[in-house]
Structures are given as C-alpha cells and as structure tokens.
C-alpha cells in the first residue's frame, strides 16, 4: 500500500470545476488530490506573426506557479524577470499536447491561450494542467460554436495526461509530492481518447529503468488516462460552463 | 441607486476564507464582491541585506494578477520579463501599509513575504489585497507565537483599505470595475483600527476634485474601513486557520 | 523654527530657469532650495499604439536621478538594467498630473515626453519635477502655437505640486532631505490653479496620522501651491524661452 | 530506402574527434553526418550554492547553436538577451542525462560544465550533444584521475542518445533535418551501456503514435545506441585526448 | 575658416566649473563649447570582487546621456533596460583613460566611480567627459589626502582627451556636432601631461585615411591636449572645490 | 627572439578555410596561430528599420566566444542575458571595418550579417575576425553576383586587421595571448589594400606610449596587413567556396 493508502494503479481524487472564474471563455479548476491548478482558455483574434494572413489558428499555453503554491516559497518569476527552465519546459509541453487534437484550419485565424496557474502543488502539476486545460479549451470552443464564430468543430479528440513512476522499486500511478520527490523514475504520458500517445517523457531520477519497467509504467498510464478522459466527459456533461 | 443596487456608502459582500491553501503560514482568499485575491504570508529566516545582523525584521509584499483575471487577457509579467508600473506601485503600497502595524524589533530578524495574487478582478484589487493580507499576516504571526518562535506579539493594530470615488458626480464607496472605469476621481484609503490614516491616495481621473469632495470621500472610507476591520476580526474568530 | 530657519508654512527659495538646455522644445531647471531638476519637454509625432489613428495626443513622463545626485551614490538604473519601483511610481505620478490639464483632442495626434532628471537631490524631487515640468510643457505648447502646428491652446490650467509632512510632531511645508528622512508622515499634493486636487498621496512613515493632521497638511499644501503657481507665471513672463 | 540511401535502422556516419580545442579538460567534436557539435568539459572548483560545503559535486550542461548553424540564420541568443525555450529544454536534458552516470560523492565538491555548441545543424543536435558530451566528460575525468585530483573513478557507465521517428509512415533511426522536419513522430532516447533507459522523450508532431509504433522505435533506438556506445569506446581507445 | 569661425587648430571655449553639485567628492561641469557634461567622482569603500582583500583600488566610469541632450530625443537607457553599444564603449574608454594615471596600490582598497552625464551634446562628449572626469577625480583625491584617508598621492599625471577629424578634406581640431556628422575621419586621442599617448582611436567614417593625414591629426591633438592640460590646472588653482 | 621563436615583425601561421560550414553564403575558418574563429556571412532581405524603403543595404557583425574558447571558462553570454562590454566593442569594430569597403547603394536593400564566433582563443581574436569576415563577406557577394542577384560588385577593396604592441619594451607584431597579457601597449590596426587606415585603436595598458613607439607599431602593422591581404587573395584563388 502507498503512503496515502492508494493502490498502485489508483488515481488521487479528481475534480474539475468549470466556470471557476467568470471572465475567461473557458475556466476550470482541476484538482488531482491536493494539487490544484486554475486553467483558463482565452480566445484572441490575434495570431503569432508567422500565421498572419494564413487563415490558420494557433493554440499556446503558459504555465505559472504562485510563489507559495509549494512547501517553501519560490521566487516570483515576474519579479526575477524571467521564467525558469522548468516553467518553459512545462508550458511547451502543454501547448504541444493540446495542439495535437486541434485542426488549425478549422479553428480559423485566431489564437487560444491556455493559462495554467498552480494555486497549490502536491505533485503532478503538469499532468493536471494538461487534463484541465483540455476542458477549458473545450469550453472555449463550445462558446465559439454556440456564438456562430465557428461553423465546424475544430477539435478531433480528447487529451489527458498522467504521471507514473517507480517508487520504492514499484511502478505506481499519479505520484503525489512525497512520492515524486523520492521516485527513482518519473514518466509523464499524454494520450488521446483513441488510445494513442501524444507525448511520452520518461526520466531516470535515480537508477536507469529497464524495458519491462517502462512497459509496466505505460500500462498504468493507459489505465489512468482512460479514467481521466471519462472524468473530462463527466465534467462537460454535468458541470456548469463559465 | 448604484448599478448593482448598493447604497452610496455600502460595501460589496465581503468574504475572507482562511486556510485557502495548505502550505503557507497564512493563506486567505479575500473577496470584495466578484474581486477575489489569494493572499499568502510566508515566513523566511532570511532578511534583506540592509537588515542582516540587525536583529530587526521585515515585511514585504508582492502582487500579481493572473493573465485572465480580467475581462480581456493581459500579458503574463513573467513572460514579458518584467513587472509593470501598476504592479510595482501596488505591491509597494501593500508592503508599506502592513509594515505600519508591525514592530520590527519584536518581529526579530526574519522576513514575512505577503503574496497577493488576483484570481478574478472586478475593481478594488489593491484594497482587497491589503485587507486580506492583514489576515494572512495575522495568521502567520499567530503561528509563530503558538510555536514559541515569537515571545511577544509584534503587531500593534489592524489594517484595512477601501476605495472611494466620484461616479456620475456622486461620491460612492468600494467601486467595482464598471464604476472604477468611469469614475472621475478615485481615492484609496488605508487606515488602522485606531481610526488613523496609513495611506491616502487620491487621483483625479477626469476632473480635479474639490476639498468638500475629498472630505466626503474620506468620510465614506472611514465608515467602510470600520466594517472591514470588523470583518477581519470575525474571520479570525470564526474561520479555520491554514 | 525649522532647522534651516524657515517658518512652518514657508517654501524654500524657488527658481525656474527656462531655456536651460538648447535642444528641447521646453527646457527648465527647477530649484526648490538645493533640489535641482532638469525638466525637458520633447514633442514627438509618434503616439503610443493605442492612440494611433485616433487623432488624440498623449503626455507622458520619465524620471531619473543621476547616480550621485544624492549623499551616497546610487546604482545607475541603465546599468542595472531596470528602473526601480520608486522611479516608476514617480514618473507615473508626473505623467498623470500633467495630463490632468491637457485636452488630448486639442493636442492632436502627437506626444509630449517630459523628462525630469534630478541633478541634485535634497528632498521634494517629485514635487519639483511636476512644478518644473509644467513650465517646460507650457514652453513646448507655446512653441507649437507660435509655429502654427497647433491652432488652439490644449492646456486648460496650471499644475504644481508640493510636499508637506509632520516633522517632530508639527506639520510643515516643503520638506528638505533632513526633514523628509525624519518625518512621521509625508503628504504630496498636486493641485491646479482653480484650487482643486489632482493627486493627494499621504503616507504614514512612522505613526498613522489623524484627520485633523491631514486637514492641517492640506491647508499648508494649498498655500504653498498658490505660491508655486505664481512662480510659474512669473517664470513664463520674465524668463527667456528655450 | 531513405532519401540519403540509408536503411531504416542505419545511423549516419559517426565521428568523434577528441582534443578538438586545446584549453578544455575535455574537448570533442562530434559529427552525426552533417551535424557537428563541439562539446567541451570544464572543471570548476566552484559548485552551485545548494551544494556548497556538502562535499558533493555537480554536472551541468549548456547548449547553444551558432546563429548560422542552420539553413537560415537565427537570432543570436546573447544579443536577444535570453535563451529560447528549445535551448533551455535541451540543455536541461543533456545535464540530466550525464548526471545519471556520475557518482556525485565520488566526484567531490567540484562542478563539471559541459558546453555543447552546434557548429552545423542537420537534425539530431541534442542526441549528438549527449553522445559527444559523454566523451568530453570522460576525458575530463581521466585527466582528474591522472592528476590525482580524483582517487576513485566517479563514472559508472556510458551514456549515448539517438533519435528515432516515423517518417512517411515508417519508423527510422537517426533522422537528419529533411526527415525531422517531415516526421510524424519524434522519439529521443538516452540509454546507458547496461541497456537501461535514462530518458525517453516522444512527441507526436502530426498524428498520435500507437503502442506498437513506440515499441518499434524503442527497438531501433536500442540498436543505434549500442553502436554509439561502441563508437565512444573506440574514440577513447584510438583518439588523442585534449 | 570653419562654420563657427574657428581656426583648424582651435579648441572651442573650454570651461570647467568645480563643485557644480554638492554631494560628490568631486563634481565638475565641463563645457567644450555647447557640449556640457557633469562629471562626478564618488569614493566607495567597496571594490569589485576580483580585488577584495588585495589592498589595491579601482577606478571605473559610467557614462550616460540625458534623453533630450541631443537634437532629437533618444530613448532613456534605464527604460529600455540596457545600455547601448556606444554607451558601453565610451564608459570603458573613460575608465581605462583615468586608470592610466592612477597607482592602484597607493589608492588602497577603495573604488572611485566617475559618472559622466551629458546634459547637452554638441559633439565631443567622450573627450569632454575624460577631460572633466580627471578634474573630478583630482578633487576626490585631494579630499582624501586632506582628510588623511590617503597618505600618499596615488595620481602620477594629468589626462585629457580631444577629437580631431577630417572635415571637407581638412584636418581640424575639436569637432562640434555639425562637423562630426559630416567628418570623413574621426580620431579621438587621450594623452597624459608627459606628452605620451594613453588611447588613440581613429575611425574612417567615409574614406580611409592615409598615414600623412593621421600624422597631421595627431599633431593637432597634441596641441589641443596641451591646452586642455593647462585648463585643468587653471581650474584646480582658481576654481572652488566641491 | 619572442617566446615562440618569431621575429618582431613576423605573423603567426595564417590559415583561411573557406566553406568550413555548409549553410552560410560565406563561411570561413580563420586561424592566426592557435586562435581560431568561424566567420559566416548571411544574406538577409530584411534591413534595419532606418533603411527600409531606402534602396540601400547594410553590413553588420556579431561576435561571440564559446565559453571554453579560453584558458578558464567564461560565462555564456546567452545565459547571463546580456553581451559584455568587450563583446559589444568588438562587434561594432568588425561591422564598421567591413562597411568601409562596401558601397551600400550597389548592395541594394539587403543586409549581410557577419557572425564571428571564436572556437579557440590565443590572442588577436578581433583582428582574426575582421580578416576572416572579409573573406566570408567576399564569398557571399560572389554568390550574389553569380546568382544574378547583384549586377555590380558593391565591394571596393580588401580589409584586414592586425595587432601590434609593446612587449618587454619592444614593438612586436601579432601578439598571442601570453604576449597580449603582458603587453604595455596594444594597438589594433585595420587597413584596406590601398594602404589606408580604417581603424586605429591603441591602448596603453601599462605605461603611456610615445610618438616614436606609435610610429614603429604602425609600420609593423602595415607590413603585417599587406601579408594578410595576400593571404586573403590566395584563399579566394585556391580555396573552395562554401
């Protein structure tokens, strides 16, 4: 049994609260246990320079952590004057993941910016961000469809993400902070609802991992992501939109 | 009557939720109507250079707004690589206001950093920040007193802040965004619970204001701040700490 | 009596030298006692992005202090790579104050940049900057009117500023550095020549100030600003333009 | 057959020239076909702050691309004033990969900085960097051992990296730029010489990849990396040190 | 005859006003015709890191131009967030020039920072800066000697600088802005009072210059610098110190 | 005799390898003894703002040193977030030097960017950069002429550069690092193939230099540069282009 009583292949309690803030076209508070991320989707009529006049759209992401989202306070990136390497890496991952289910022609020449801001961190902030950002993005697209700004749905699938890792020699799903900080290996997986991979990022923190360990972690991720996809659908069916 | 039905001297509904996040020594979600700011107080054993070895402490503040806290998205300051002038002005104001009720000798050589992050903006974010930060600071001090890290209470008063302004020719209390954006004059007032002023910042946005208008705004502010001081005390008595 | 022999309601000797440098459309060296600020007004045909094509103009200000304008040398902001919080706060104040007497429609689509550079500091640099910048701005507008670039005068009033404060328990006018550094309260006031307020910024440095103290400081400020308005008019009548 | 005549599981010609420059403790020009990266290892007695006094060492990496290493010129990062997101991501990957085979206790309180500068880019710069940096690092450690600065070898394995991807529907090994820019999926793999994984980073550029595609790419990577490990050993045996 | 009536080998009117501002250990307003630079020398007990504990001192310089020192306004470097290439080049030149007559052992472990701020520019700001900075530095050293902080004079000579150039095909001395902007060649020379060269910086703006032109410009510079050295001595004898 | 056996007026072995990298329009590895600089010339159809629509072109340069090009590692400028003063000075010198032989009208509205990246430093990197950049620039122009993009040759001469200095009291040519670091005087000279000067930059490092020393150094430079011009021509005749 894990330190919080979960089974090896068990997610933490997942919650997605749509309409958490009022201004954004999509606004979702996603919780993976104690990890809480506010994901907003903002529609802009202004695309990056390389797309101007192309008729094609863009989806991008920015990630941030409130200074005291963590056990000890981190410097505020705005005050330091630059985003750290970890932040840059994560926001690039979120953006790539969500672009993977978007038809940019169908989106038309507009941009959607996904802001993922961690209010409280307890491991898995990047996977919670991707999973929640998909719901925020979906809400924004639904708004555009309802308003008639979009004629055709540009999204062709769901995206969710989960972490797996090897803790105390055992592969486990959805690591919280105490597990993450002692894991020997950490594997983040992003998948669509057709069961295919969008991103696979595995890192040996302590000892290098063998092929059979990788296979076991991939299987755990597949199981977890299927549950997250179900949770996303449930949120969209039951929850109120922003 | 005002656009939302309030009387001229009426605050918006005020809520302060202590323990909103779990890591900080003090963590308060303060709401002035639809304006929501997360205020955390972090205790650090590291003081700024000019105080090292002095035995005296420090209180400072940082302020941020999530990119989509507002009606249209603002650039993320961390991504732009610097804090804007408005942010700098506000965080300096918050810091000065809270230092005004703190005995730095009694605090001892430690720093308390107040992070005020706006989750949703609807006018009055700086006054909500000061009012909520005081509660977060109080919670952090109570923790230090309880833990025995502090022998003597270094706080000698309450601090709260409110905005007043002249909207459509009439002085009103606690402007929301629609009022703020059309106000002719804007006056932010910070007071302690002895009824004295810590900061008074009045700006003529449209037409310059006469002395009798200033007097009327100051009276509104005094009334509103007394109610905020009561709300702070109520929060500390009833609410759960972080 | 004050440390330099002034009465409580007495300004330091005020001098305004027009045409102090030769290139700017307006160039004024303003002196409040030993405080000396060079204020220049530069006319630009380029307005900020949000005004392009609007037919409306803009007035903005930048503030700087030479590194050794003060008793001990400060780092050069250009070398540190950013302007400090105090600088940002002051230059925003100067800009707002001068925009308050300018009709932006009448100015037409052009910008006037006011540069206030402190050559020597002895307290009150922000109030001297505002007072001197008004004269520099006036000179620039007079040039535009004389050249026929402007048909109609876009300025509808005078602006001047002064500090007051409570030093050794007594409200006094126009604090110099020794007074400013020991003041319990500091109040900067910006007024137009119709006797109305443009900005009121009061800060309790030591103890919070009571309403009657605020009233006394406001009265001192009104007296001092009337004298500054007269000095501005005298400078324009007698002094040579740039 | 691939556009350059290679088989699907065939590496480009690999060359590693030790002692390419004269100052660094390790200096290797690594070539994967037309991709050329200069990898240097610099020994420093100064460790990052969090390790000072710990007796433990550190290995870190920095990555850069000469502005005209590519088909069209990229802005110089030093001139733009910041490293791009891609650069940050790659240098973090290189550092993590090499730390995976280093015993930091045995290294002692010193840092080794690996600089990987791309002189000419034709796809696979990050995998060439890791593979070459390992040889540079090895040379630096051999120098420290020979000089007696190290008593015990702190390295416990070899590290090499290769890219695989799906191009025109077929999994291939070691993509060059024309392949990389049209690949549907891109998988970078870092492995040690015990056949275990240090990093696995797969990204769907066009369509998401299925589990059997991932398996095929992993198999290609295993084959390629075994050849790179052999090439590293050959370079160390035959090549001259710096 | 030149456009302002000067002979080819004639300096503009030179003025050096000591004690121009009151705080700095040395403060000189230097004027070469309409070019006016405020040079201050600040003594600091804090030396750069590489000299700490060495017992040796340092002299360094910073240069700036007020935004409207010139005919059209330049962006403020502090607001842009970095010093331009020209600024960096000039301040390095000033620093090197003044270090050339300073015995760093005799100065002891302290730093002198020379700030050269251009109030009004009309060509030759770098040569005026060097010439004026030497007087400011001398004043600072005289103060240290008088106070007993220095036992022995660490300065072993005078430094002054002048520009020469080829304008309309003729070598001339001390170019003003109209001459400088049309010069084919520009040569800045820094010399000591023993008639030896400290810096020679010649640049062909239009056509390359021949050896005989260089010789003629060097001769003009020698003559001009001798006059500047005399003017420096006169300023020290007659002028009042800061 | 010098420490490496050279005569006082003898250059180090000079090599210029054209086509060192494959992408740039001109790409030359220049070697002055152990100093090795990769110079590339990139043609861009985008000119700086002040030239847009003018029909005139531009030549500019950027300079960089790989972190471990030197005996001890230097911080990477891209990581520090700004280019150092020395870098800025050198790249401005390279740009000016090459613009001196280019007819910007004949070049037409296009820019050529010269990147000079030091792979290995042993003194004289700026003079090697200028000398090699001229060959890279020439190759780029030859390409444009051959492609018909240019009708008329915009280059009207050769440019090369060399250092001279006074080492142990004797003027010598082409200082390597051990000489440079002990030189009393350092003179860098840039000349065209008509024997005229483009830049002369002399700096007294230790003692000021007399006119006869300057004359001797200029004579050494003239001799060395004539040899470099011959080497440039030989490289163009024999070497293969990129």
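Read from first to last, the chains carry the letters A, B, C, D, E and F; within each, the first residue is number 1.
Heads up, the rule we're going with is that a residue touches a chain if its C-beta (ideal position, glycine included) is under 8 Å from a C-beta of that chain, and two chains touch if they have at least 3 such contacts.
These are the chains along with the protein names UniProt gives them: A, B, C, D, E, F = Ribonuclease PH.
This one's a predicted model, so the numbers in the text were calculated from it and none came from an experiment.
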By the touch criterion stated at the start, how many steps lie between chain D (Ribonuclease PH) and chain E (Ribonuclease PH) on the shortest route? 2
Cα rotation angle, chain A (Ribonuclease PH) onto chain B (Ribonuclease PH), in degrees to the nearest 5, is 180
Measuring centre to centre, with centres taken as mean CA positions, what chain is farthest from chain D (Ribonuclease PH)? C
Round to the nearest whole Å and give the separation of the Cα centres of chain A (Ribonuclease PH) and chain C (Ribonuclease PH). 50
Between chain C (Ribonuclease PH) and chain E (Ribonuclease PH), what is the separation of their C-alpha centroids in Å? 32
I'd like to verify one number: the distance from the centre of chain B (Ribonuclease PH) to the centre of chain C (Ribonuclease PH), where each centre is the average of its C-alpha atoms, in whole angstrom. 28
Hey, what residues on chain C (Ribonuclease PH) touch two or more of the other chains? 81-82
Output ring sequence (origin chain A (Ribonuclease PH), second chain B (Ribonuclease PH)) reads A, B, C, E, F, D
Spell out the residues on chain A (Ribonuclease PH) that touch chain B (Ribonuclease PH) in their complex, using ranges where they run on. 21-24, 27, 34, 36, 38, 40, 42, 44, 62, 64, 66-73, 76-79, 81-83, 87, 113, 115, 117, 119-121
Note: in the complex, chain E (Ribonuclease PH) contacts chain F (Ribonuclease PH) through residues 82, 85-86, 88-89, 91-92, 96, 100, 187, 191-192, 194-204, 207-211, 214, 218
